[in-house]
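Each in structure tokens, the structures are laid out below.
Same chain, two partners: subunit A is paired with subunit B first, then with subunit C.
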Partner chain A sequence: MKARLAPALFLGLPTAFLVALFVLPLLSMLVLSVWRTESYHIIREFNLGNYHVLATEGAYMTFLVRSLVMASVVSLICTALAWPIAYAIILYGGRYRLLLTLGFAVPFLTGEVLRIIALQGLLGPIGLLNGVLMALGAAPLRVIMYTNVASAIGLVYLYLPIVVTVIYLSLLNFDQRLIDAAKIFGASPARAFIEVTWPLNLFGTLIGFALCFIPCLSATLAPRFLGGPNGTLYGMAMAQQFGESGTWALGAAMGVVLFAVSVLLVVIVARLVDLRRTGFTGFGRG
Partner chain B sequence: MTHSKCSPFDTAVPSATSINRRTVLKTLAAGAATAIAAPYIRPASAAPAQLRALMWEVYAVPEIVGAFEEKHKIKFSPTFFDGNSEAYNKLRVGGTKDFDLVQADGFWPGLYFREKLIRAIDYGKIPNTANVYPVFKPERYKLLTDEANGQHFGVTWCWGSYGTTYNTAGMPKEKVQSIEALFDPAFSGRLATSARFEENIALAGILVATRMGTKDKPRPDGKSFNPYVLTDEELAEVEKLLIQQKPLLLTRYQDNTTLQQLLESGAIVAAPEFAQVYRVLTQKKEKGEIDLDFAHQLVPKEGGLGWVDTWLVTSGVTDPAMLDICHDFMNTFLAPENIKKISLVAGSSATIDLRAISTPEEQKLFLMDRTEELASMYMFDQPSSPEKWERVWSRMQAA
Partner chain C sequence: MAYITLDGVSKQYGSVWAVDRVTMAIEKHEFVSLLGPSGSGKTTLLRIIAGLETPTQGRVLIDGEDVTHLPPHRRGVAMVFQEFLLFPHRTVYENLAFPLRMLKLPKGEIEERVEWVLGILALRGLEKRYPNQLSGGQQQRVALGRGLVGRPKVLLLDEPLANLDRELRQEMEVEIRKHQTALGIPFIYVTHNQEEALSMSDRIAVVRGGRIEDFAARTDIYDRPKTAFIAQFVGRSNRFEGLAAAAGDTTTLRGEGIVIEAPHHPGLPAGSRAAAYVKNEKIRLKPATPGDAPAANALAATIRHVILRGAYAEYVLGWAGGEIVASRPRSEAEFSAGTDVVAFWDKSDVDLFSATGEP
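Here is the complex of A and B:
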């Protein structure tokens, strides 16, 4: 009895949770996306007009492409920065490893809005950076004031801690003796890294990349507060539909498209990468 | 001695029939249901415990709200919104049951009333409404009175325009008298506008209709020109104009603090706003905290946008006791000493005549002698087609 109850409980509760809070809202989005809005009223008539608008109005495609580029760049930067940071913590952190890693979580103790607004102040016209420049008699750096560069800086600031933590955990569980073995067999430190450390931590790296890439794809706050007139990204445009413009059905269709794009990207990565050779142990020993 | 139906021993002796698993489950279920429902159930005679308001954050002045809570032994629970359409969306999806009071401006109260989201109110129970300037009295300000039955459904408390605040050293006065100034390449990179899509399009619409000569000609709807009801041709021109404006803008500000920083630092020289930032900057100048000099163009020569903020009572308020509290809250809000505090905190001009309790500087700063100019402004309104306006805005953002 107990043997049957435990798996039912442990798998049943998360399943119920996912169905109630993920599948059902997603389905309601799907339904809303095939209705339409007219002057803030939802007209419950099946039609694919919203998808037609998304396919034919170049603006929405522009937002999506901008978001894909932004998410890719930010995720690459985060990964490139996170690796040496996580590796340094593992190698030199000693008994402060945990403390150093937790240090990266400190920004999460404040809200995302607060962090972005603080960054807006830092990068803005009377922020720390431009304030110092102007005090020194130099011109303010316009490239960090309300531009896509400013958005990218904001997104890196928001998601770098996540990527560092994921890669750190991957390295923590990595058997360091394999590097020693590689070195004993004559591999240089660089070769040991390229042929042992990197591939065996690729799965953790991919998870870190994905945990940065997916939220960047739907980022709203960073482009809104930092992006400037040319910084509208897909997530921001989508949020607009549910806010002031009241075109909820179009927003729902944008959400469905975003979900489909995200799933497609994950599938592509999963097909391109052989998970068995990336340090992923979820397949068991068989 | 007769036996009672239940002897003292009965309760002490466990009985398989008196308590079983089903009884326990039923009792637990009833208890849980009562516990969950308790906060929502109160006797009909009980006084309301909470006043829920859907409002702009800046007007929730703790001192005034606290005194009202103390007076009525009630909790004031505000929920904040950014724009009318957001509040409208909230009310339409069941918000009339979640809120007792709501704020709105321009034509929005009329829309709310037509859609039965708000209810009629009694000015007789809000005696401070007698102190509003003539231009806000129901005889002249008709947007809060139902045309069909003459019922009133809102009270005004502050007003303003979407005029242009500018740095007098950076932009000549004669330039800023026209909306053209906000589209002038001479100020490239030194302009900003708000992120509100309705007002950006409507303001550009006034300029476009002026340029096209369609503003004073007969309109397709037979009414006089309203920048929130633009023809497709005018909208197409608005889109072009907004795209041309993009490279001239440093940003579209999201909040007044950002705008203040932009103006104060000299990063921009002009931006349309509700005069709130202008008042903050003017006061800082008077205190010697900044050197730059700022002015505010209330209404451009082509015509400008105006707004009057109002308090409304949602249709969810049916309890007479709650309605009385709503009336008293609005009356408290409109009391001259209170509305002056709110004005100073929010940087907004009051609809109540406060000249008797204001200094000459305050009278000038809060435009107390210029309320009549409201009559020449186009009131904030609902876009004739939010769908078409959204496309215009998206295409501009993507360009």
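Here is the complex of A and C:
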């Protein structure tokens, strides 16, 4: 009896926690999305009007596609930057490895809003970068002034530390001596990377990618402060439904769509990646 | 010209010389062991031959070619690692095919060669398994197969049997030697286990402090140790200390309560401190009889413990100067604990070394 109690507690408590704080709110969103709001009042009446709006009004589709592109580009950049950074920490970090990794988390010590506003100060029309350019008599860089590029820079800045940390942990778990084995058996350093290092860290890389991609999809602050007039992203538009416009039911429907898209992407990736081929040994013997 | 030559190879880490001016030549059909305690530099030496480390000084030649600065993948060597280091994301078949794919062999030949290795190592039926679905012994065979499949110029083995249990280890020793003979390529085998080195090698290089203490046929290493370190490290020996005195073809060592006669040793001036080593199995026993006169190469002792090792018994003997061990075949007369005996040995079985400079 006692032996049964421990796993029940260990699994039961987090499950209860997740159900109460994650599944229930999600269900309430689902319910809210098939109701409607009228002048700041919720009307409990089943209808699919919200989804109809999302499917027919072009702006929402634009926001969604723009968000998907933005999240893809930002996640790719983050992953591409994080790999060499994490690898360098592993190779050359020595006993400062942990410190270096933690160093990446220093910006987290301030709030997200603060970080974005600081970036706005750096990239904006009278920001440090353009200020210096103009003081030198050059034209300011318009491409980083309230544009999607500025948003992307902000998002890369926000999520790079997470991707670096995840890939770093993956590399830390990876037995470097397998590279020696590959080289001994005839693989050049580049080939050893393709044959061994990359596949055995693919799982970690995908987790890093996802941990960047999914929050980017629903990003609100970076586009709002950096994105300018054509920079509205899906998450930002969704936040507006719950704020200024008071159209909570529509916002809820947008949330459901976002959730569905995220789940769909995870499923596609899971189908494409054979865990066995990433050295995942969680299946045990047999 | 030898098939593999190490010419004054040294490797420095910080201020430590892990490998110190090693020169050795290995022939094409040889099985050579690098035998030494942990930290002696034997693995570093192997990694230098593999190309995983670059020597600070000296040259490495394989098959007449200077490979000192060639990366490992262009040396045509193969290696079996202590931790196996199979690719965990590849099946047994794919692990075995890896060196062949790197050689860019045609598909048909890859299949043929992998089949051959599966056959000689009794791995058929396991092709589709992943390494974590194999037992330790099976993983070891795959690691060995991956080493053999590419027909390398030399196979380097880094304590490949250290993680296996005793029975499996002895089985694999026979098998490894069998494949070496069949393939006719040199195997260089790193181990700290003298039994493994003795059972498989043609020649053994005893490594100590980054240097080669002696590199000789296994029987020479065992029967005629060149240094006190080898006498102590290879085989199981009893050590006696005393002062040397030479007379004719005999050097005599006088210690407390014991006189040992050994073949003449030119390097021991009269009155210098010396140490004599007698292997456990060279010590014979006879029952003590009243009136035994003290003689050279003999001592009166009492049996303290008898340790049964199956085919032979180890007698732990107490004598005036401490304890010694004699191991005798079970076919001989057996003694029980508490018996008074005389332990004796032949003059030719004594290995004498200078003990000056020892603490």
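Definition applied: the second predicted complex is superposed on the first by the 281 of 286 C-alpha atoms of A that agree within 3 Å, B and C clash if a C-alpha of one lies under 4 Å from a C-alpha of the other, contacts with A are read in each partner's own complex, and residues count from 1 in each chain.
Please note the rule applied: a residue touches a chain if its C-beta (ideal position, glycine included) is under 8 Å from a C-beta of that chain, and two chains touch if they have at least 3 such contacts.
Computed from a predicted model, the values in this text were never measured in an experiment.
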Fit or clash for subunit B plus subunit C once both are placed on subunit A?
fit
Of subunit B and subunit C, which one touches more residues of subunit A?
B
A:Y40 in the overlay: touching subunit B, subunit C, both, or neither? Say first, second, both or neither.
first
Between the C-alpha centres of subunit B and subunit C, what angle is found at the C-alpha centre of subunit A, to the nearest 10 degrees?
150
In the overlaid three-chain picture, which partner chain does A:R191 touch, first (subunit B) or second (subunit C), both, or neither?
second
Once the shared chain is lined up, is A:T56 touching subunit B (first), subunit C (second), both, or neither of them?
neither
Applying the document's definition of touch, where does A:A181 land relative to subunit B and subunit C: first, second, both, or neither?
second
Compute the least Cα distance separating subunit B from subunit C in the superposition and give it as a whole number of Å.
46
Subunit C residues touching subunit A in their complex are 50-52, 71-73, 77-79, 81, 83, 85, 87-89, 98-99, 102-103, 130, 132-133, 146, 150
For the complex, which residues does subunit A have touching subunit B?
37-40, 53, 57-60, 62-63, 120-121, 124-126, 140, 142, 145-146, 224-225, 228-230, 232, 237, 240-248, 250
Show me the residue ranges of subunit A that touch subunit C in the complex, using the header's touch definition.
175, 177-178, 180-189, 191-192, 195-196, 199-200, 276-279, 281, 285-286
Taking the touch rule as given, give the residues of subunit B at its contact with subunit A in the complex, in rising order.
82-83, 85-86, 88-89, 92, 189, 195-198, 246-247, 249-252, 254, 258, 261-262, 264-267, 382, 385-387, 389-391, 393-395, 397-399
